[in-house]
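Several structures are given next for inspection.
Two complexes come next, and they have one chain in common, subunit A, joined by subunit B in the first and subunit C in the second.
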Partner chain A sequence: MLALDLLVNGLIYGCFYALMAVGLAMIFGVLKIVNFAHGEFFMIGAYTYVLISLKLGVSPWLALPAAALAGALLGWLVERLLMRPLYQGYASWGFMKDEYAVVVTFGLSLLLINLVDKTVGPYSFQGPPLVDIGRFPLGPVMLTGQKAIAALVAVALMVALALFIKRSVWGLQIQAVAQNRLGASLAGIDSTRTTSLIFVVSGVLAALSGALLAPLVNPSPDVGTFPAIKSYVIVVLGGMGSIWGAMIAALILGVSEAFFSVYVSYDYRDAFGLIILIAVLLLRPEGLLGEKGRTV
Partner chain B sequence: MSAGRLWPERLRFDLAATLVLCAALAIVPIFVQSPYTLGIILVSVYFAIIALAWNLLAGYAGQFSLAPAAFAMLGAYTTALLDHYWHVPLVVGIPAAIVSTALLGWVLGKLVLNLSGPYLALTTLAFAEIARVVIGNSYEFTRGDQGMHVATLTQSRVGYYYIFLVTLLAVIALLYVLLRGRLGRFMMAIRDDPVGASSRGIDVVRTKSIAFCVSCALCGLAGSLYGTFSQLVSPELGLLQQTGLVLSMVVIGGMSTLTGSLLGALLVYLSSEWLRGFGNVQIIVFALLVILFARYLPGGLWGLVAGRLRPAAKR
Partner chain C sequence: MTSGGIRALLALAAAASLATPALAADPIVVGVSLTQSPPGSVVQGTQVKDGMEILKDIVNAKGGVLGRQIKLLYEDNQGIPEKGRAAVEKLISSDKVIALAGGHQSSVCLAEIEVAHRMKVPYVNTNCWSDDVRKRGYPEVFNTSPYNTLVSSSMASTLATMGVKRVVAFAENTDYGIGQAKLTGEILKQKAPQIEYKYETLDRTSKDFTAALLPLRANPPDVIVLSMLPPAAYLVMNQVYEQGLAPTKKTLLYDGGGLADYPDFWQNVKQAGQYLLSFALYHPQMKQTPLATQIAAEYKKRTGNDINRLVLQAADSLELVIQAVQTAKSTEPDKLITAMKTMKFDSIRGISNFSTEPGYSFQQWLDIPYVNYELTAERQPIAQTVLIQAPGQKFDPSKIVRPAK
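After this line comes the complex of A and B, so read on.
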């Protein structure tokens, strides 16, 4: 029953990937940029969770909202300080919009990694689990308590996000701004505030993903690098800017990676997603559920 | 001054400024006796070559690749593998690195031909990471993360210093000739308006491919030389952080100018060695500077200085 075990574990990792990738897809949807500092949102969440629960001795369940708060704050700051020029009449001499975004988010990523490395230390932490249940079998599948609980929280978050986007006024505003910024502002939507909201939501989701995975991955300052690269693969696979595409693609990537690492090669598991990324961009650039228009 | 003369004029000023910097570098060994310090300046020249190469692609042709460090690594490994398995002498091994990275750059250029902005950045990033993961994991073939030993051209550090300096001058001369001619103007036209450029009959495909080819080959050359200097190549040469360093050099120095890249590489690398004394804060400082420069001073340091030295050099 190895296959079933792989399937379930792949789906669980897919849920965590989805938490990160959806935020990236939302940011791409409104600003048409890739946030290269997205892995550091994840890292900040993981560190907030670990440090608060270890150093302050607070229950991990309270550390979770603290991580979300840290992610929200970081997302808000990034948008307020760095992203405004992208849509508020910044005379782009010397820099084009895409290049500006690559440079500042890439720089921010380096800044945050090294800031944490310097202030907290380069070693990794063992995050405290949310529940103290070791390995247990669920039918033919082996799980740990932390994995099961974290996956449940992740699924609950995804459902909440889906309802938020589909039903709430803010969710509708986000959809409107993603479709047409000018049109949305003509209809009376404050597109600046909506963009801000998108960064806050993305920050929260990525930080929570980091916090939930902290007991499993033992965060070190560069812990966000691989989750970030996976979410680039996911947003490309799902169609850049498509929220639902990102959710589906995250599950697909989680499962196929689990199978790849067992049946093909464990050493090259991290290259697998990247090969998918290049293949999708070359063969089906609009992704699974994406929009057209990524070529010049 | 007619508009047609403006660009050669500005480029000549740019070249003159880079030559002044190179002249200053050339007399450094007279004053600096310590091999350690000389080694640091040498590494900054290595980064200057990569920064110039990346600037050709990103600053002049508008193709924002995130793979320069990966190409330096690939160039270094070409020479190292040839030396290790077939004992190919370095006079063949180093040109072989140029050829192999030029070919790979041409392939990458073909792959990303139709991709713009963020897609281009993502694809080149994926390419760079795949290259690093493959080299790092092929233990039997490349000895993985342990790295490989390479032969060296000369044991003399001053000798190596001048090898790097001559290479730097050759690269600057090549870029000058390229940018002055039609090809350079085509690249800038494509950067500023790809659709407009192709509607005026510019072969966008060919021009982009050439830009990738040349830029990647120069990175490969720099990497290959660096490998023979340090006598050890490892996948660390291709780390994304190295690309970040190159990017910050060009942005801090000033995009789309030769002097900016050279100045940026020298300043960033030398001051990073100096900042090391204050407890490894160098990357924090540079990352912060990159963000601030991109946000408030897109012309970079050289943009500031050139504006003062020569008001006509303003955009």
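After this line comes the complex of A and C, so read on.
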């Protein structure tokens, strides 16, 4: 029974991790940079959801799209104002791309955390649940309405994202730019607009993840740190830049963490993810579904 | 002496005569190292700052100390020991503060007192509970803060009086959390060896504790003890509730950190807070001094929140510095240390003097008043909680209210 409990709980958290990590994987896939402010996209989504629903008395179901909108806006602004120098006509600046990305996104992360701390305050809030169903047993597993519905919404979003990437024109454009930016441009794809779209989608996913988890993790200004660290592990485990790899890796991490904490040691639960990270980097640096390299 | 030399001497004398009154009017600067930004507890830092600001304003409005205004100089340590150490170094060396106060996270205090000790500047511990802060025996460190031995002894006595058989404690992975959980176990071994006790360490930055709770579902303990601080403590409470572990007819949740005192308690726990049994250092039924009442009213006016123990502790640590300056009639650190050691401290919460016994009691106010109460309804104000142990009274388990199932 305990094993089933752990499996279900691990899968649920795996879904949340996936929602968060996929956006990070998409950005890496296209720009080959790590967005260190990704956790703060999560935080902005969580705060938008909580503040709109608690302070304005709006239904949580309406606060959810508002959080997505906030994530989209933040993603768009970050790309437009901070990321564009990485790939568009700023060669005369003479900066180094990787260092620029690290410094800018890390700085943005600190700025957003402190901005929320000073404007909203340091106190945490429990977001209102999407459904008014408290705890209930599902066979031997104890769930809450919020946890169940949030997991279902997360799965629905992942399926929608998969369809979007696989079937839509925009999704195909994203795949093309991720494979070869110059080649995609030569084929008539507006790679700048596509990059902007990737940041918007990434922002939406992280913000929705924050909103769905707001009733479970009680957002405070530094709430994004925890999912961001998990996301970095997942992106490496899944294969840098691989969306499908990130989804699978998130579920693996969620479940294996749950089992590790009970059967090995709870104290080292979060270290477990980092052990996986080191092992992957040593034994299979390309990750589960990543590519060893590509020459064009 | 030439006429030029005489003129220079006269000019120096004039400058000195002008400078003396200016120096006398200079503010007395007290250094405060606290958490104002994550990852440390900004919630605690905010309350510490509130308490000290209120007292400073009250004192300054009455003319200050020795005719000088009090000025508080803040440094943000982010709850990181290394930053606390650097902050204290700067406050002493560069800002020339006469004393330090406001420390509120044990691991940071432990780093900061090393600097205060080396530079021989008084350090008033506001809220660092770890016994290790006292055990180092530094003559510069004075503790108006509660301490783990007090809390753990009280909790162990409570558990023994309740007649429970099995207790599981969840402790955050800090000097405070692990220290308190370990100590409770050691004291229980002496007071009630028949009680089966174990503790589990939880990462305070984590958000999901379910995996640590699930193994308890098969055989829930009689009491789950929390040695944790917000926000992690709130998450554990919610997840314990979601899993149906506590509060139940069989299992109670017992908090060793005065969680219900925090202004954001009810906005974070909701139903999970009902039936919480809490060790606490403040309750409206405790005897309040006029200054404490004044601070409480001002705190309500400024923040809209009811007074809590941390705001009073913060004010008290500044009050100790102020009274030491008055007693010593000086702002020299060594004279302040002597004054703090020897004077009778007429504090906001009723402190008389500090113990000189080595160990956990070194330069500690030992007889800090405390209570045990139970929150019997959701969103219940502290004043309406059920007092299971009134100040100075025995714990009465017959007053405990349990859920129907």
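Convention: the second predicted complex is superposed on the first by the 288 of 296 C-alpha atoms of A that agree within 3 Å, B and C clash if a C-alpha of one lies under 4 Å from a C-alpha of the other, contacts with A are read in each partner's own complex, and residues count from 1 in each chain.
Here is the rule we use: contacts are C-beta pairs under 8 Å (C-beta built on N, C-alpha and C of every residue); 3 or more make two chains touch, one makes a residue touch a chain.
Small disclaimer: the values here were computed from a predicted structure and weren't measured.
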item	value
Subunit C versus subunit B on the shared subunit A, clash or fit after superposition	clash
Which of subunit B and subunit C A:G139 touches, first, second, both or neither	neither
Partner chain in contact with A:D267 - subunit B first, subunit C second, else both or neither	both
First (subunit B), second (subunit C), both or neither touched by A:L281	first
Touched partner set for A:N114, first subunit B, second subunit C, both or neither	both
Residue contacts with subunit A in the superposition, subunit B compared against subunit C	B
Partner chain(s) touched by A:I33 [first = subunit B, second = subunit C, both, neither]	first
Which superposed partner A:V217 touches (first subunit B, second subunit C, both, neither)	second
Partner chain(s) touched by A:G183 [first = subunit B, second = subunit C, both, neither]	neither
Partner chain(s) touched by A:E99 [first = subunit B, second = subunit C, both, neither]	first
Clashing subunit B stretch [against subunit C; choices 206-214, 224-232 or 278-286]	224-232
Common interface residues of subunit A - those touching subunit B in one complex and subunit C in the other	114, 225, 267, 270
Residue numbers on subunit A that touch subunit B, as the complex places them	28, 32-34, 36, 82, 85, 92-104, 106-111, 114-115, 118, 225, 229, 232-233, 236, 240, 267-268, 270-271, 274-275, 277-278, 281-282, 285, 294-296
Touching residues (chain side subunit B, partner subunit A) in the complex	58, 62, 64, 66, 111, 114-119, 121-123, 125-127, 129-130, 133-134, 137, 194-195, 240-241, 244, 247-248, 251, 255-256, 279-281, 283-284, 286-288, 290-291, 294-295, 298-300, 303, 315
In the complex, subunit C residues that touch subunit A	37-39, 42-43, 45-46, 173, 200-203, 205-208, 210-212, 214-215, 217-218, 230-231, 234-235, 238, 241-244, 263-264, 267-271
Sites on subunit A touched by subunit C in the complex	1-2, 5-6, 9, 13, 113-114, 117, 121-126, 134-135, 142, 144, 147, 213, 216-218, 220-223, 225-227, 257-258, 261-262, 266-267, 269-270
